Structures are given as structure tokens and as C-alpha cells.
Amino acid sequence: MHVCTTRVRYAETDQGGVAYHANYLNWFEVGRTDMLRTLGHPYAQIERDLDILLTVTEAHLLYRGPALYDELLRIETRITEMRKVRFRIETRIVRAEDGELLCDGHVWLASVTRDGRPIPLPEPLAGLLTAELLTEEGKTGPQAVVRG
Amino acid sequence: MHVCTTRVRYAETDQGGVAYHANYLNWFEVGRTDMLRTLGHPYAQIERDLDILLTVTEAHLLYRGPALYDELLRIETRITEMRKVRFRIETRIVRAEDGELLCDGHVWLASVTRDGRPIPLPEPLAGLLTAELLTEEGKTGPQAVVRG
Amino acid sequence: MHVCTTRVRYAETDQGGVAYHANYLNWFEVGRTDMLRTLGHPYAQIERDLDILLTVTEAHLLYRGPALYDELLRIETRITEMRKVRFRIETRIVRAEDGELLCDGHVWLASVTRDGRPIPLPEPLAGLLTAELLTEEGKTGPQAVVRG
Amino acid sequence: MHVCTTRVRYAETDQGGVAYHANYLNWFEVGRTDMLRTLGHPYAQIERDLDILLTVTEAHLLYRGPALYDELLRIETRITEMRKVRFRIETRIVRAEDGELLCDGHVWLASVTRDGRPIPLPEPLAGLLTAELLTEEGKTGPQAVVRG
């Protein structure tokens, strides 16, 4: 599992007095970006050097409680499934102060060419992600799996 | 089903050359806002007069194809399930020019007090939403249901 | 002067209960996009066909009053100055219901290549913008000028 | 001068391949939030305890160069003028890696009541801001001033 943090910005609040629900997808992506940079394979580099895009094909979010302005959030990111073209990432957004879970969900990311055609995840990215998944699986057991 | 339109803003594109995936949640909400205004019960008024918030408790999105800058999008919104406290809205984002489905998904909205406690959907809002659901059900058959 | 409208989205409000101030720059851009489309030269086409970007080099905004959720805004856009590489656009955001001015300001846009080098505004774009400026000048007098 | 950092998010890029220009106002606000928290007077607390809002009445931005996805930005924030109701903050956004200035500008913030009436900056906030300004002035000379 990869962990990073961010703070709720004023721009991210809405008139209900809490963080607007669409921002969680931005934070999910902040977590993925940070994970890939930490794995030694920044996404900026993936786009530029491998000439592929990783596009979100599905997103699911469960909102558990509100995130408030200026609260420190812990973004927990882990890979839970690898396929040839796609992989699945689970993310949890937790209030850092007391560990309360505010939102959890997952996205599926697919490797596509600039004109949108699916393409197998290139090496060394596929290998890095699989290694990360297997490490995770070693820790958390059968819920994390590699499928064909 | 309620229909309105919006155009993809430059601010909503990302460096992949398409609309960033989090914006679809904003567009879903544009559709809900427009539907409630059309039903004669603007959400601004709900918050102010009934002193409740409608908070998103779950969101699911399937991304089918990219939305491009300045493309006109058709936002199709319909209520598909009513409960005491919560209701479910399905939304489809369609490219207006050729009718291609770009994204579909749903959110669950819950009625809560200002301090976040669930509270039954107040009248006349509950009645209006149920009437809209039943009209929809009459057209589309058993997939739209009212549950206890 | 070019006029279009937009509504304040829930996503655009902040916990102060009004539209967050950065959104006005998005609305300024909605106005420019709409103006260029109306002039017969959509910005999407400019980027694609002329292979230039129009980049904002300066922005100035005066906030006069709050824009509220779901309010209809009138975006008034006009070109006020043309140079070889750059041009200046003034924008006013007005509450449609009562005509109250909520924000006015201007941006300077510069024509640049993909790698960021300034490049003279290409034809037919330069001609269209100048024609629009001269029409405006004819209506509003000496405040709108073309400089070398 | 107060310094903090942030990274350019994918959500903040546009199809021009750089950070969209409106995001700089968000980053300016991230800098102000961080400064007030460091001064011991978080803005969240100001809104809640003093029952005032600090609203942006003017913003000016000069864009010097592009910020790219995942680049680390240094946000430099300093108070440059204090009045009874309003104060002025200058912000510089600098690429952390090489110190290149990407954008500088300022905003004026005014103290207002919940219904939008101007109200003198309350203590201890006014005192803290003035102390910060005077410290700054001691370092940078006459450009930072306190006016009546």
C-alpha cells in the first residue's frame, strides 16, 4: 500500500460546508501519481516515453463521511488486480487526525494509444505494477490477485 | 427522463486531450440540478427552505469514450429508485452530435441534516421525486422501482 | 460584444456560500470560446489546424458581488486591443435576473507555438479578431483600439 | 515571506499540455491558508470563531511560464499592505527544481460579514497580519507598507 497526504483546499469545499464529492477522484489520482513516482516510474514519464495514456474506464466511490476545509487527508493507494491491458486500484481517503475513513473506492485504468485504442501495458510498467501487487498480496492475502 | 446540455470547457480538458474523468460527476450534478428546477423544486430552495442537504453517498461511473473540448454533451437524468431517506439517479452523458454514449453511471443521494444525520426525504420533495419515478417506470418498465 | 450564459454549478460554490473566485476565469474562457465559435473560428479548430495555442499571459479581475448557486450568469466578452502576437479581451459577468455586475476584468492572450515560442497571430484568425474589434470600436468609441 | 509547496495534479492540466491558468488562483489560496495556519490563526477558525469571511475583491496574475504535470511548485506568499477592512497579498509560484518564476500576482482580501457587509478586520487577526507585514517590511524595505 502506498500512502501520501493532501489538505482539503477552500476551492474544494462547496456551500454544504464540506469537500465536494467530485474532488475525491482528483485525490485518488494524486495517490496514483505519488505511487508511480515512488515506484520509480512517474506517470509523466510513462506518457512521454512509452507514448501511451492510462485512461480511467470505471470508477466507484463510497462516501462515508465529510472531509472539511484544511483537514489533512491520508490517501491510501494499492493495486488489487492486473490484466493485460487494464489494472485495478483501490483507494481509501482517511482523515489523518483520527484515522476515520471518509471515502473508499476503486478505479480501473486501461492502457491506450493516443488515438484511444487499447494496448497491452508495456514493460517495465507492467512488471513494476505486478511486483507491487504481489508484495501487497503477500501482506493482505487472497483479495489481491493477478488474473490473465 | 430529464435532458439538458452542456459544452466541454477548456478548463475541463487534461493533457491527454480529453475531458478529465472527474468532471463527469460535475455534469451528473448539472443534470440533477436542472431536473429539480424543471420539477419546480430547485435544489437551492431545498437547502434553504427545508434546511436539509442532499449528499452523495455512492457514485459509479463507466467511461465509454472521450468527451472533447467544446463538444456539446447531452445529459440524461432519471430517478430509478426511491427509499425513505435515499434515492438513486442514473445519468448518461451522450455526445449530442452523433448520440454516442460517453459515460453512464449512477449516484445515491441521501437526505441529511446540516450536522450530517440522515433524515427522511421531506415533502413535497419526496412526492415529486416519486411521481417522476413512476412516470419513468410507466415508460421504461420494471427496471425503475419504488422500494420501502 | 458577444454574449452567452451559464449557470453557477454546485461544484463551483465554496463553503462561504458563493461561487469560488477562481471560477470566474473559467467563465471568462467560456465566453471567449463561445465568441470564437460564433465568429466562425472555433478555438478547437485553431489549435488543431493552425497548430498554435492561445495562452493567457495576464489576468485581472475585480469582484463586485457574489454569484450564487444555480443563478444564471450573462457573460459579456469583447476584444479591446489587437497586437501582432497578443490581444486583450474584456469580460463582464452579470447576474442575468437583475443585470447586476458581479465581476469584470480582462485577460491578455498570446499566440504561441506548441513549445511556447511567441508567434504572430495567424490569418484568418487575426483578421477576424480585428474585424470584431473594429465593429466594437464603432459602437463604443475610442476605448477600443488597434495598436501596432 | 511564507513558503509552502504543492505538485501540479493531472486534473489541473489542460489539453495545451500545461497547468490551466485558473489553477494559479487555487494555489495562491493554498499559500494563504498555509500562511495563516503557520501564524497560528487557521482560516477555518477565523470563519468559525470570528464569524467573518475573507473575500477576494481583486486579483491580478502575470503568467511567466508553464507549470507541468507533477512538477513541484514553491508557493511564496507575503502580506504587502494592511488597511482597516482589507489587506493585500502577493504570491509567486516558482518551479522548485530550478527556481524559475512561473506566475506572480496579488489579491486583495476584504473582511465581510456572512451577508456580505464590509467589517473591520477583527483582532487578533489584524494584529497578526500587521506583525507579519512589519517583519516583511524590515526585510524588504519600503515596498511593504501599512496604510490607514
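Each chain gets a letter, A, B, C and D, in the order it is written, and its residues are counted from 1.
Note that in this section a residue touches a chain if its C-beta (ideal position, glycine included) is under 8 Å from a C-beta of that chain, and two chains touch if they have at least 3 such contacts.
Given the structure is predicted, the values throughout are model-derived calculations rather than measurements.
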item: Most remote chain, CA-based centroid, reference being subunit A; value: C
item: CA centroid of subunit A to CA centroid of subunit B, Å; value: 25
item: Distance between the centres, which are taken as Cα means, of subunit D and subunit A, whole angstrom; value: 30
item: Computed distance of Cα centres, subunit C from subunit A, in Å; value: 35
item: Sites on subunit C at which at least two other chains make contact; value: 10-11, 15-17, 22, 25-26, 29, 69
item: Chain contact graph, described as a line, ring, star, complete graph or other shape; value: complete
item: Subunit C to subunit D touching residues, read off their complex; value: 15-17, 21-23, 25-26, 29, 47, 53, 55-63, 65-66, 114, 116
item: Residue numbers on subunit B that touch subunit D, as the complex places them; value: 10-11, 13-18, 20, 22, 69
item: Sites on subunit B touched by subunit C in the complex; value: 7, 9-11, 25-26, 29-30, 33, 37, 42-44, 68-70
